[in-house]
Amino acid sequence: MPFVNIRITKEEISSDQKRRLIEGVTKLLQDVLGKNPATTFVIIDEVETDNWGIAGEQVTTKRKREAKS
Amino acid sequence: MPFVNIRITKEEISSDQKRRLIEGVTKLLQDVLGKNPATTFVIIDEVETDNWGIAGEQVTTKRKREAKS
Amino acid sequence: MPFVNIRITKEEISSDQKRRLIEGVTKLLQDVLGKNPATTFVIIDEVETDNWGIAGEQVTTKRKREAKS
Amino acid sequence: MPFVNIRITKEEISSDQKRRLIEGVTKLLQDVLGKNPATTFVIIDEVETDNWGIAGEQVTTKRKREAKS
Amino acid sequence: MPFVNIRITKEEISSDQKRRLIEGVTKLLQDVLGKNPATTFVIIDEVETDNWGIAGEQVTTKRKREAKS
Amino acid sequence: MPFVNIRITKEEISSDQKRRLIEGVTKLLQDVLGKNPATTFVIIDEVETDNWGIAGEQVTTKRKREAKS
């Protein structure tokens, strides 16, 4: 009965991409650990780029800087 | 000082239902473990049905399938 | 299919108390939101008192201070 | 490679305040534990006041009560 | 820069199985969303079966019941 | 009433370092957002290096590789 939480930045992810993540993670847990898909939960959290920091910087700022270069 | 995180699908939950969840969990922790309600935190996360997977399937898809049958 | 995470300090909680927390939360979600117990997950995390801070202080320190007074 | 999750009530936090939180936490982990900022993640979750409970009460209700007094 | 948290019951998982989970999830995020592996974090939490509930029952109890049948 | 969860690899962190993290984060939330320390929670999770992956690799493996070079 695994529980998986995937946190990614909120940047135009389609419903189909979410479906593929959910299917893929569920299959992985079945393949590696023999976990029953029926009781495998996957939750995807999409986080605003203003609310995610890496290297002490908001992803919003990072994206702008990268777009310029 | 317990911290409780309740994650449910985002499907028309009223403010009053949230109040009952918060009251109920806080009381449960007081009854079972003697925890002080003053420092009991409860956070409810409502998750889009597209972002929640069970049995390798998005809840959105599951709900549609169930509505048909 | 709710997911509940209860975080408490690690201080001699019995298996029976854990059972009562799991039963109580599962029943609460059924009563308030009609959620199916079969797909309700509850995870209890017990956190070392050195690793939990409140009011800028470790719970270990707080407990010692309270024991003296 | 620390991961920090800050959860606060959703109450008009500016992008600049988020930036200061991200910078501050990243610097703290570098100062105290020598952690590399390049692989330090910080995620800020803003939670609706209806969805956050303290002392068995929704923060929305608490805020209204406090505004009256 | 995805962050993935896999929570499973603590039941004799080998280091090699953990490696396969980490590799698999990282690859999945690269394949589906084009995420850079260099900044993909995966954390596996192993939870005592006494501390995990499903259907209002501790997994410890569920395992014993299943072993009998 | 902020809730902060700091996740780091389990690698000989002293109680005093934990105290400094808890104090620092609590002060940061007071300075930036005016949050009341009395209801600020900080939880530190120490994660086994076998259970933490970055760039598709266990931190245990990464540490060994780095030690050699």
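The letters A, B, C, D, E and F name the chains in turn, as written, and every chain counts its residues from 1.
In this section, a residue touches a chain if its C-beta (ideal position, glycine included) is under 8 Å from a C-beta of that chain, and two chains touch if they have at least 3 such contacts.
This one's a predicted model, so the numbers in the text were calculated from it and none came from an experiment.
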Label-sorted list of chains bordering both chain E and chain F is C, D
I need the rotation angle between the copies chain A and chain B from a CA superposition, between 0 and 180°, in steps of 5. 120
Equivalent interface to A-E, which of E-F, B-D or B-C, with over half of contact pairs matching by residue number? B-C
Distance from the mean Cα position of chain F to that of chain C, given in whole angstrom: 21
Centre distance in Å when chain A and chain C are each reduced to the mean of their C-alpha atoms: 27
Return the residues of chain E touching two or more other chains; collapse runs of consecutive numbers into ranges. 1, 3, 7, 21, 25, 39, 41, 43, 52, 54
In contact (per the touch rule at the top): chain pairs: A-B, A-C, A-D, A-E, B-C, B-D, B-F, C-E, C-F, D-E, D-F, E-F
Footprint of chain F on chain E - complex, ascending: 15, 18-19, 21-23, 25-27, 37-46
Using the touch rule from the top, collect the residues of chain B that touch chain A in their complex. 7, 47, 50-58, 60-61
Residues of chain C defined as touching chain A within the complex: 1, 3, 39, 41, 43
Could you list, by residue number, the parts of chain E that touch chain A in their complex? 1-9, 13, 17, 20-21, 24-25, 28-29, 31-33, 35, 39, 52, 54, 59
